[in-house]
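In the two complexes that follow, chain A is the common piece, with chain B as its partner first and chain C second.
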Partner chain A sequence: MNKDYYIFSHGRLKRKDNTVYFIDGGDNKRSLPIEQVDKLHLFGEIDLNSKLLNFLPRFGVMLNFYNYYGYYSGTYYPREKNVSGFMKVKQAEYYNNHESRLFLAKTFVDSATHHILRNLRRYEEVSKEVIEGIEKERNNIETTDEISKLMGVEGRIRKWYYKSFNEILKNGFKMNKREKRPPNDPVNSLISFGNSLMYTTVLGEIYKTQVDPTISFLHEPSTKRFSLSLDLAEIFKPLIIDSVVFKLINNRMIKKDHFDNEEGICFLNEKGKKKFISEYDKKLKTTIKHRKLKRKVSYQMFIRLECYKLIKHFIEDQTYKSLKAWW
Partner chain B sequence: MNSKLLKVQGIKVNYYCVCKRKLWLFSKGITMEQNSNRVLSGKVIHESSYPRMKKKEVLVDDLLKLDIVDGEYIREVKMSSKMSKADRMQLLYYLYYLKQKGIEKKGLVNYVKEKKIEEIELTAKDEKEIEKVLKEINKVVTAKTAPKVKKLFYCKKCAYYELCYIEEE
Partner chain C sequence: MFVILTYDVGVDRVNKIRKLLKKYLTWTQNSVFEGEITKGKLDKCLSEVEKIVDKNHDSIYIYTIRSTKFISKNILGNEKSFDELFL
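For the complex of A and B:
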């Protein structure tokens, strides 16, 4: 499988002949094996030219840009190559029908809740009250008849969930309240940074299939975002990001000096980001022997498999059932 | 016979013989090429063999991609030692199609690994069979839904394996 490359330094990305180079501020030139690149993540201040941008789609390479604080700001997406008009029309039909849209939205939330409970049950410190509270709320998913109400259920589950973070997290890390824009404490900034990465990973997997990233079910499809990525990320955030966060903090891999604070915004500094990404990458590559496929499947591949199941759902081949980690 | 109905991409004849589900998925634009290493290595072999043959990859009517046209023969380049029924049918279809256009050719298959060459001629019996297959292909690709998964020995090596076999308990 092709790799993700992360660039933290400032410099210039350019194409010369059939090679892509990164030239850093100190004029050090390094070539990138572009045939083996899946996505490029640019965290530094990078200059690039149209010659490069014209070259990348040939290899299906995505460019993800992150702002100064390390939060996702956008993607340069190769010209679509896996298009199926048939699929697109079918997918849109599922969005347009209230019942079928709600069905998918519910399964996403239910799967997210499954993974949330799975996380919480691993920690004795988490009170019974929280777990029972979430289980009770989970029962409401089924009977909800509106997306907005479903969002409400999800919001309440998340409130329980984040409250219990303080019971799980050790080494002096505390979270007062989940705060996204902007994150104002280290725990919040870890979650936000992780969620940015999750979003681009899911988008990358969607891109490898014929599923349309702009037609979503739980989140409102909007022109600004590939909102299906947000839908599927719900399933994987607790499964991947939160467990990475717990590990980094509780095993003292991330410390307070990995964070910077500017104008009320808390964010990971370069060393912190690198720590996070290396753990995140490890997790994505971790494999599980799949009980149905009877072969090893990485966490990253599990994301693609959700897309495949959606394809089968849209073409009326097999009803979608979301992933619920069993291992 | 409606001649328009007969025009399909050669690969569809191949897929029809391999797996009708694969044919249906492919015909709806649900392709897997980008994920398959086997397809990739097929490409590499193709590009590196016969560098001296001039007329490589001739495209006919946007439907047939002939590997090599060489005098009275069209040549196919194949990796595997034994020509499967699917490959053979695909080549016979090329010969059939060209014949409809008034071009009579014979086929040669090069097995790269074995360094073996096999000659293929289109018989009247083959023509009947091709016509039958083309009708069947049309039935499959116009069906509203995909044929269900049928376990084939081929599945485990198929690029669609994960798509076909993924399910939750």
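For the complex of A and C:
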């Protein structure tokens, strides 16, 4: 499987010898084997030229940019190769029909809830009350008839969920409330950073298939963002990001000095980001034996399989059944 | 699979081979490349190599290891650019 590279140093990225070179501020050169690159993530201050930008699409390499605080700011992606007008029309049809849109939105939320409960059940410290509360709320998913009401259900489930974080997290990490804009404590900043990585990973997988990233079902498709990746990320956030967060904190892998605080904004510093990313990368590459495919499948591949299942759903081959971790 | 590739080619072809291999693997030492690669990519790489080399004089050794579980790598002295997640 192709690799992701994360660039934190300041420097210059260029094309040389038909591959990619990174030259850092200290004039150290490194060549990256282009055939083995999946995505490049740029966290540092990096110069690049159009020669490189013309070269990367030939190998389908995406460039993801993140700002100073580690938030996703945008992507340079290859001219779309997997275009299918047929698929796009079908996908839009599903969005336009209230019933079928609601069906997909519900399965996303249901799958997310399944993974939330799966996380909570792993920890004895979590009170029965929380689990029962979420289970009760989960029953409401089926009966809602409006996307906005579904979002409400999802919000209440998340509220229970985040409340129980304090029971799971050890070593002096506490979270009062999920705070996004901007995150104000270490746990919130971990979740935010993780979610923006999740978003780019999902987007990268969507591009490998024919589904259109802008037509979404749970989130309102609007302009300026690829909202289908938000939909799919919903399923994988509790499964991947939250379990990485728990692991990092409870095993004392991440400490208070991995965070910087600037005027109420809490964010991971470079060391912290690297810790998080290497754990995240390991998680994505972890494989599980797939029941139907009868071979080992990585978490990253599971994301792409969701897209394929959506395609099958859109062309009315097989009804979409969202991923529910069985292991 | 994991591949270690070493080459011994005529002086006028050394640079050509090195530049080509850089696209696929990590350059670890003079005339040694290594890295994780799929079967298909390796075949593609080797067919490109074949166009450059002179089969009567040059030799290219390819060691493949199916699972990285069974190799260990120790380094004495300086470790040259090894493949890392972060740059």
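Assume the second predicted complex is superposed on the first by the 326 of 327 C-alpha atoms of A that agree within 3 Å, B and C clash if a C-alpha of one lies under 4 Å from a C-alpha of the other, contacts with A are read in each partner's own complex, and residues count from 1 in each chain.
The definition used in the following text is that a contact is a pair of C-beta atoms (placed from the backbone, for glycine too) under 8 Å apart; a residue touches a chain by one contact, two chains touch by 3 or more.
Please read all numbers here as calculations on a predicted model, not as lab measurements.
K.L.:
Of the two partner chains, chain B (first) and chain C (second), which one does A:Asp17 touch, if any: first, second, both, or neither?
P.N.:
A:Asp17 sits against chain C, while chain B stays out of touch.
K.L.:
Give the label of whichever partner, chain B or chain C, reaches more residues of chain A.
P.N.:
It is B that touches the greater number of chain A residues.
K.L.:
Based on the superposed arrangement, let me know which partner A:Asp260 touches: chain B (first), chain C (second), both, or neither?
P.N.:
neither
K.L.:
Taking the superposition on A as described, I'd like to know which of chain B and chain C A:Glu167 touches: first, second, both or neither.
P.N.:
Neither partner.
K.L.:
Looking at the overlay, what does A:Glu179 touch: chain B (first), chain C (second), both, or neither?
P.N.:
Touch status of A:Glu179: no partner.
K.L.:
So in the complex, the part of chain C that touches chain A is made up of which residues?
P.N.:
19-20, 22-27, 35-37, 41, 44-45, 81, 83, 85-87
K.L.:
Which residues of chain B touch chain A in their complex?
P.N.:
Chain B reaches chain A through residues 28-31, 34-35, 144-146, 148, 161-163, 165-169.
K.L.:
What residues on chain A touch chain B, complex-wise?
P.N.:
Its residues touching chain B are 60, 81-87, 208, 210, 291-293, 301, 304-305, 308-309, 311-312, 315-318, 321-324, 326.
K.L.:
For chain A, which residues count as touching chain C in their complex?
P.N.:
3-9, 17-19, 22, 24, 30-31, 33-36, 274, 277-278, 281
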